[in-house]
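Each of the two complexes below includes subunit A, the first together with subunit B, the second together with subunit C.
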Partner chain A sequence: MQNKRKKKEMIIQLIIKISTLIAVLLLSSITIFIVKNGYKKINLDYFTSDYNDKTVYVDVENNHTSEHYDISETDDIFIDEWGVGISKLNDDSNYYISYLAKNSIFENGVDLKNEPFKIKVGDIIKKIDKVNIADLKNKDIENMFRDNNLELKITRNGGGIYPMLISTLMLIFLSLIITIPIGVGAAIYLVEYAKIGKLVNIIRFATESLAGIPSIVYGLFGMILFVKFLGIGQSILSGSLTLSIILLPTVIRTTEETLITVPSSYKEASYALGANRLQTLVKIIIPNTISGIIIAVILSIGRIVGESAALLFTVGTFAKIPQNIFDSGTSLTVRAFMEVKEYAAVESACAMGIVLLAIVFILNISTKIIVKKLKL
Partner chain B sequence: MNAKNNILSIDNLDFYYGDFKALDKINMNIESNSVTAFIGPSGCGKSTLLRTINRMNELIDNTRLDGKIKFDNKNAYLDYEVIELRKRIGMVFQKPNPFPMSIYDNIVYGIKLHYKKSKNELDEIVERSLRGAALWDEVKDRLKKNALELSGGQQQRLCIARAIAIEPEVILMDEPTSALDPIATAKIEELIIRLKEKYTIVIVTHSMHQAARISDYTGFFLTGKLIEFDKTENLFSNPKNNKTEDYITGRFG
Partner chain C sequence: MNKTRKNIGVIDRISQFIFLTCALVSVIAVISITAFIFFKGIQPFIKGNIEGNYSIVKFLTGDMWKPSQNIYGIGYMIVASVFATIGALFIGVPISLFTAVYISKFARKKIAIMLRTVIELLASIPSVLFGVFGYTVIVSLVRIISPFQVGDSLLSVIIVLSIMILPTIVSISESAISAVPKSYIEASYGLGATKTETVFKIILPAAKSGIFSAIVLGIGRAIGETMAVILVAGNPEQNFPTSLFDKVRLITNNIVLEQGYASGLHEEMLFATGAVLFIFIIIVNLILLKIRKGSDNYAK
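Let's turn to the complex of A and B:
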């Protein structure tokens, strides 16, 4: 009898251990796959440069005030009056900016719209004064730089995620600004004000059901309501409103749970000192709910960063920096999806995946730290 | 008993939780600057009665009250705003319940609800209240520390200090020492006797000894009825009702 029980226990333990192993292996292999495929693209430029290549005509002017720049000797051509070094690209006949001295005149360029354009190291020069640079020799280039005024055709390579980071940040801020006050307010109403009864149960049931709906349904709803019916168009605002609907149940739930844990003895003490409901709410209940609200915020950020289906139709898929909340953009997750869908660019998608993984990782750790700090 | 000295008078009070009658025709007068103790077994209605005095019962849904409570010769339920009433009738609870904020902020919480005071005035009130609750010497160097770091007995004295900071006329105490050890209990009892110089104290207690030690008047409650109410020494030495005698001699309860 004793033996049989031991055997049974061992088998159950084995099954549990194998299940855990499979789960861990799966998760780690996904992580390894993403990191292995994407890590080559990740560097500082990846975060700061535009997604699309950009070509501009830039005017630079030198009034030869005999300023002398630090000299660089590793470039193919170095023009000390301009403080700029130019080298040939390895794989084609174009030249790129390989060195810029401090305060080089090239930093004060002006584009065709007369707006300042700061030339950076790495920018490719296609033409100088309408002449293809590929047709010129090093000597010719040096000669052209004797002029006081140059018009350069410059191409800046894209491939970065800067526009997506900006769009994602805008989505996060706007969604939180919409969701947190409404969600916290609703939770306070449900816990502190509403009488327990049918209505509250219906509201609770509705919010819980909302949490289970697939996000593509929200995406379609958002497209019909915000993008089409209200005429906001594909924009950060439409996306944030759609996200807000998705986030509300979580925010309400999390806040409710912390509200319930505020001891009733605090409330009693406050009332007994002659506080009214609002004073008790503002001075006692809300300060004790801050930890829950912070957790709701972090969970929401995680959800926003990870959401793709709801944003596909509401924010857009084109990688550009939104000028304001009514402008379209695209989030990192949506773009990662589009990379694979449009170009089968697995490397690019994986690189974005690494960034997403890192964000989620940081969010999880910060949640743990905050929970620990506030609850103990 | 001179009617002028009765700060509280309870007149034919019935109280219901839903259909359950928790208090049945209670009549009693409470004298100013005295300590009145309510004793009785669990569920006898003594805490319920205490809470009807400062209308804390109104926080509970589905309750009903008939009869009258007069405070300072005016109807506590009709002639007072509940905030005004609770300002003048303070309360200390069974479990010490300081707010999770600094000792200083706990004391000034009530003041800030009702008055605009300068920093100096607040400092004075904090010192006066803490001295009044015999806590000043223990905490004067750590007023900015979180109140939850204090011991249970200190927390309860802080709650008393918090209650007297707004200078009520009556302090209701709902078994204030039941969560405390004997030494902390002794300190609170000493404090209660001292506090009656300035305030009227109504205390619910499980301990007959405590009632005997600190109170001037004692009411004995059983199943929602006030069985006997008298000067403490009379009630304990010469109870008129058999049930009172059974209870105080330990035959039930």
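Let's turn to the complex of A and C:
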């Protein structure tokens, strides 16, 4: 009997341990999977280059102002008067800019719309003066640079996440600007002004309900109200407005929690000195809740960065840099989703995943540190 | 003196009004979300509407969704969503509960802190990434055992969802378990109960309401999840799922797949789909509210 009981105890304990192991393994294997499949794409260019390849015709002009450029020795072709080095790509026949001297004339190019276009190292030169240079010999190319006026066909490789980073940053700023004042105001009302009653119950119920609504429903709502009904269209603004509703419960709850912790003796002291309610609020209570607001901001950023279903139809899916808040863009999560859904491009999605994981992990850890510091 | 007093009174009242307005934004948001979704979603079923006259019964029980032929049935999606959620709970709940028990009652302090941090970090992984993982790893694993040689299936959806609900259920039920008074546990040991007997007969029953709300929150997350499951579900246009290896289309998937280009009746049908999802979520939330109220009374 005693033996049987011991055996049972051991087996159950084993099951508990195995379950924990499974949970931790499953969850960490996702992180490992994402990092393993995406790390090859990550480098500095990944963050700064455009998502799509870009081809531009650029005019450059040499005035022979007899400027002397630093000489580079490592390039296949180096052209003194222009201060530019050109080399052949290893695996195909295209030529690319491998060196640009300081103040090289190539930095003062002009595109077809007469707008300045700065050529960068790494840009591929497809044509010079309408001639395909891929098949030419180095010497012939050198000769072409004798002209004072050149029209270059330049291709800049994409594959980067710069547009998504910009879109995400715009979403973060705009959503926070909308949601933080409203959320903090609501929390102040609930803690400092409201009397227990029906209205407060309704407000609390509404806030809790908002927290339970899945993001796809927010997406539908944002699309019908902001994109279509109000006619804002798919844009950063529509996305931010949708996000601000999603964030409200978090902001309200977090701020409320810190508001409650402000000792009532502070308030009483302020009242005793003759301050009224608003003065007490502005001078005593709000300064004491800054930490809560900071945490609310961090949590909100985490939520925005990870959000996808609500943004799909409110912000757009096309990877371009939004010119202003009325322009469409796309977030990293939405783009990662589209990569897999449309192109089965797992590596590309995982590379974006690494960036996402890095952001949410850093935010998560910094929240923890702030909370810990405040308690000490 | 009197005048400034009066001014202060006015400012105070104005500021109170502003704060109240802020607080009412969430109420307005909830009302308008509900109103917009249901108003749009009910249009196809109102007799005499230009676009409508679709039978609501046919909509809710239909086994085919073909907008090009004006056939809109989401019965098979509702069944798939319910199956997927139940399946995810079936796998996810035991693992999560055991993990929670381990963290709060078995693990040494340092390991417990480490596990908590890991679970918390993993809770913040964006759902899209679970989808990418499922699309690559789980789907190809399921393909090996599937009789149809296809990995996109109900089983893949269930596995992805059960991983996704792990962190939620673990962290909430873990705090419920840790909140069980020490005296209960000591009393149990005092009566000669073993550690696991104490866990299953004393701790888990005492933490019941916390565990239930964790599970209900998990259900909410599973039913509302979209972006991850869409990549592993297969999203067929018809047929009720009959086995774990059948392709499925969930209610949430239906919205995302077609909202991009839908218009007219088609779009309204997607809103009707959204309304059905919304009803599910309302039910889940009401249950949650009831559990929380019940535990409040119990505490008193």
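Quick note on the criterion: the second predicted complex is superposed on the first by the 355 of 376 C-alpha atoms of A that agree within 3 Å, B and C clash if a C-alpha of one lies under 4 Å from a C-alpha of the other, contacts with A are read in each partner's own complex, and residues count from 1 in each chain.
Just so we're on the same page, a residue touches a chain if its C-beta (ideal position, glycine included) is under 8 Å from a C-beta of that chain, and two chains touch if they have at least 3 such contacts.
Note that this is a predicted model, so its numbers are computed, not measured.
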Combined model on subunit A where subunit B meets subunit C, clash or fit = fit
Message = Applying the document's definition of touch, where does A:361 land relative to subunit B and subunit C: first, second, both, or neither?
response = second
Message = Once chain A of both complexes is superposed, is A:298 in touch with subunit B (first), subunit C (second), both, or neither?
response = neither
Inquiry  = Contacts for A:276 in the overlay, against subunit B (first) and subunit C (second): which applies, first, second, both or neither?
reply    = both
Request  = With both structures superposed, pick whichever of subunit B and subunit C touches the larger number of subunit A residues.
outcome  = C
Inquiry  = Just checking: does A:268 make contact with subunit B only, subunit C only, both, or neither of them? Give me first, second, both or neither.
reply    = first
Query = After superposition on the shared chain, which partner residues are touched by A:209: those of subunit B (first), subunit C (second), both, or neither?
reply = second
Ask   = Taking the superposition as given, does A:161 touch the first partner, subunit B, the second, subunit C, both, or neither?
value = neither
Request  = Tell me which partner A:152 touches in the superposition: subunit B (first), subunit C (second), both or neither.
outcome  = neither
Request  = Give one of first, second, both or neither to describe whether A:195 is in contact with subunit B, with subunit C, with both, or with none.
outcome  = first
Request  = Figure out whether A:26 sits in contact with subunit B (first) or subunit C (second), or with both, or with neither.
outcome  = second
Note = For subunit B relative to subunit C post-fit, closest CA-CA distance rounded to the angstrom comes to 7
Ask   = What residues on subunit A does subunit C touch that subunit B touches too?
value = 276
Remark   = Per the touch rule above, subunit C residues touching subunit A in the complex are 8, 11-12, 15-16, 18-27, 29-33, 36-37, 40, 94-96, 98-99, 101-103, 106-107, 115, 117-122, 124-133, 135-137, 163, 166-167, 170, 194-197, 200, 220, 223-227, 230-231, 252, 255-256, 259-260, 270-271, 274, 277-278, 281, 284-285, 288-289
Query = Tell me, which parts of subunit A touch subunit B in their complex?
reply = 195, 263, 265-266, 268-276, 279, 283-284, 287-288
Ask   = How about subunit A: which of its residues touch subunit C in the complex?
value = 5, 8-9, 12-13, 15-17, 19-20, 22-24, 26-31, 33-34, 37, 181-186, 188-190, 192-194, 202-203, 206-210, 212-221, 223-225, 245, 248-249, 252, 276-278, 281, 302, 305-309, 312-313, 317, 333-334, 336-337, 340-341, 346, 349-350, 353, 356-357, 360-361, 363-365, 368
Task = Would you tell me which residues of subunit B are touching subunit A in their complex?
result = 54, 56, 59, 61, 83-84, 86-87, 90-91, 93, 95, 97-101, 109-110, 113-114, 159, 162-163, 166
